[in-house]
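Step one of this worksheet: look at the structure below.
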Amino acid sequence: MTGPVRARGPRARTPWPLLVPALAGLAFLVLPLAGLLARAPWATLPERLAEPRVLEALRLSLVTATIATAVCLLLGVPLAWLLARTTLPGRRLLRALVTVPLVLPPVVGGVALLLVLGRRGLAGQWLYDAFGVSLPFTTTGVVVAEAFVAMPFLVIAVEGALRAADQRYEEAAATLGASRWTVFRRVTLPMVAPGVLAGAVLCWARALGEFGATITFAGNFPGRTQTMPLAVYLALETDPDAAIVLSLVLLAVSVIVLAGLRDRWVGAA
Amino acid sequence: MLRRLSLAAVLASVLSLAACGSSSSDTAASASGSGAAKSLTVFAAASLTETFTELGRQFESTHSGTKVTFNFGSSATLAQQITQGAPAGVFAAASPATMKTVTDAGLASAPTVFVKNTLQIAVPQDNPAKVESLKDLTDPKVKVALCAEQVPCGAAATKALDAAGLKVTPVTLEQDVKATLTKVRLGEVDAALVYRTDVIASGGKVKGIDFPEAEQAVNDYPIAVLTKAPAPDLAKQFVDLVLSQQGRDVLTKAGFQAP
Amino acid sequence: MSMEAHLVVERPAFRLDVELRAAAGEVVALLGPNGAGKTTALRGLAGLTALSGGRVELDGAEVHHLPPERRRIGVVFQDYLLFPHLSALDNVAFGPRCQGLGKAAARRVAAELLDRVGLAGHADVRPGRLSGGQAQRVALARALAVRPRLLLLDEPLAALDAHTRLVIRAELRRHLADFDGATILVTHDALDAMVLAHRLVVIENGAVVQTGTPSEIARHPRTDYVARLVGLNLYRGEADGNHVVVGDVRFSSAERLTGPAFVAFPPSAVALYRTRPDGSPRNLWQAVIDGIERHGDNVRVHLHGPIPLLADVTPAAAADLDLTPGRQVWAAVKATETHAYPA
């Protein structure tokens, strides 16, 4: 290397051992998208988009992914708190178990869900006999499958945020008379809010793209359980162009939503 | 310094591979097709995996020194690979329509239907909904799984139901026949329409029920020697084996029916 | 409202065992070097650190079995710990809200307190935009807002720059005078303790080594740490009548004592000479210079000899004496400024 280089701008200060792999990584992530764009049937795009089938699948995807994220928040944040803030015996094992849905092939996850929540499953049988409720092949089933696969993303993000947060603020709140629940609600949660949001975004994105567990557990029926990824997969069988269009729609919507949310947070911060 | 440079080189080559990855299946196919004349490549529908593997073993034992290589997959994908120049010797498709795309391209002529596959009603072993006929599937209390129309078993199911004038509202349209069978096996649905061969392949885990309307949705399997076959003689001999009594025995044992 | 406590906290390689008392309206400073256990004692009082033994009583009622949120003990933490997501007003209103006040009522209480600490104009500001002194005031207001029975201050001025410290110290003194409960103030700064507290409790290595009013402690230190803190030379020796013998040095003092005794005198009471002075003052011995440094307007000389010694001399005297490390000098201590007291 030669002597010190005068910095001319932010880029000049970026060390190349970081810059080169960073750009390579970016290209690696973006190139497949470019491939989709290059092959997209632009001429027939408008009429394909107007198909009620597409809009129906898109609506279902957005609704289920959002509800699944809400479910993950409701269950996952307390779980993350438990993992981060208590000294349960076997916590290490518990944390490993939480990541199981990450490792499990989603289709296997779907089968596992069927074995537990299916009409003849361990818990599902009881649900069916007692209440006549059967989750498979319902929109609720889609939410269940998506939440199962996406929850680890939220739990891991929130647990990390909780561990990084300064617990002395919680002590300060306690000296001011706050019960543990109030401390959690008014101090802990607002302080780890960025981590919760990041986790929720990951969770939502994962739920939106969920395929394997969904089609295995909830099946595929237009308007009820056929989300965009399922529609894309089936379109690939007979009409690859349609599959590309559906994929682009899914991509565009998720990018718009995520970019919109990010701007809002940055603006608020 | 050297190490860092080589790392960058590796990254660059990975990227260029990723950029032209779509051609990789073609290269794989040509590699198996080229070489000595004593080698035969057969492209066959995925539902023929077990039977054709067995027939390939038999073929190799009577043609010593010959190696039969199979490429099993969805018929549509295989047809696409052939029209894009994959040097295969034989193509066995699960539907006349996919074979037609190959013959239309002038890459095969005079295909022969060697077997047909018919639908059965698959029910769980204990048949909880007491399904006995196709009409029973119209009962709203009976949960039915069908294949999606985009895949062959779904198209056949639609055809059979249309022919019978019945309207079935399934709870799910599965992405392939295996997924449909899984739902039956786990008891999540009371019945499904699948191929007789799939019921037999499930090894007794589900029960198959024949129904007369299945005759209206018979799926023909055509086979043909490809015009650009690298070893046309071997290809012809393999097709002959499939059409022979010996070949038929293997196929019918698996649930296929003679045409 | 009074406080009485016996705090025992046992940890591997550390044991805190101190008794503390504070009457209503009294400010007690807990003084000690780093690691002495001051903050642990404070946390024990607040309920943030579990006690291994002992008790905490407020107005005669035991509270040590209560969780922190039910003790009504206000704490001002060293780095204030203002909630970063709440405005100054809502930080102060936090406690009253937890005590069951409605949002509007809690904010009224908070606004009044912010006004009292002179920050009425900063109600809507987030802690991140407050200066150190402002944050300290908000923290005090927040602790007072729960109308605590006991107020705990952990190094309340340590995070402030010298000038702000001066201002806030004076303010704090005023606010503490207005507070009718007991106050415990943890500090390692003698001046803060002397200015703010009615009584000092010095702890070292987890135990109380000395208690007393600031003037008692300043005059009669009983450990090296306290002596250093109040800027005195301190020796332990044996008294017989008007003399205290410390090693090879024999001090005359005004007090008559017998038995083990302390001798203390300020560095300014020491005079240094190149040669043995005439008229032979008492309390005279030979010492060697270790080093010199500026100390206020004077020069502080560190010496060793029969006993270690600090001496303050004027810059002019220092120049005349040609003080350099290693030089031997005569040291004399004025008997009138030497205090002897029983050890």
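Each chain gets a letter, A, B and C, in the order it is written, and its residues are counted from 1.
Please note the rule applied: contacts are C-beta pairs under 8 Å (C-beta built on N, C-alpha and C of every residue); 3 or more make two chains touch, one makes a residue touch a chain.
By chain, with names taken from UniProt: A = Molybdenum transport system permease; C = ABC transporter ATP-binding protein.
Treat the numbers as computed from the prediction; the structure is a model and nothing was measured.
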Far-end chain from chain A, centres as C-alpha averages: C
Identity of the most central chain, Cα criterion: A
Distance from chain C to chain B - Cα centre to Cα centre, in angstrom: 87
Centre-of-Cα separation between chain C and chain A, whole angstrom: 54
Centroid spacing, where centroids are CA-atom means, of chain A and chain B in whole angstrom: 35
Interface residues, chain A side, partner chain B - complex: 17, 20-21, 24, 27-28, 31-32, 35, 111, 114-115, 118-120, 136-137, 215-216, 218-222, 225-226, 230, 233-235, 237-239
Interface residues, chain A side, partner chain C - complex: 166, 168-169, 171-180, 182, 186-187, 190-191, 193
Complex contacts: residues of chain B adjacent to chain A: 4, 7-8, 11-12, 14-15, 18-19, 22, 74, 76, 143, 145, 148, 150-151, 170-175, 179, 182-183, 186-189
Residues of chain C defined as touching chain A within the complex: 46-48, 67-75, 77, 81, 83-86, 94-95, 98-99, 142-143, 145-146
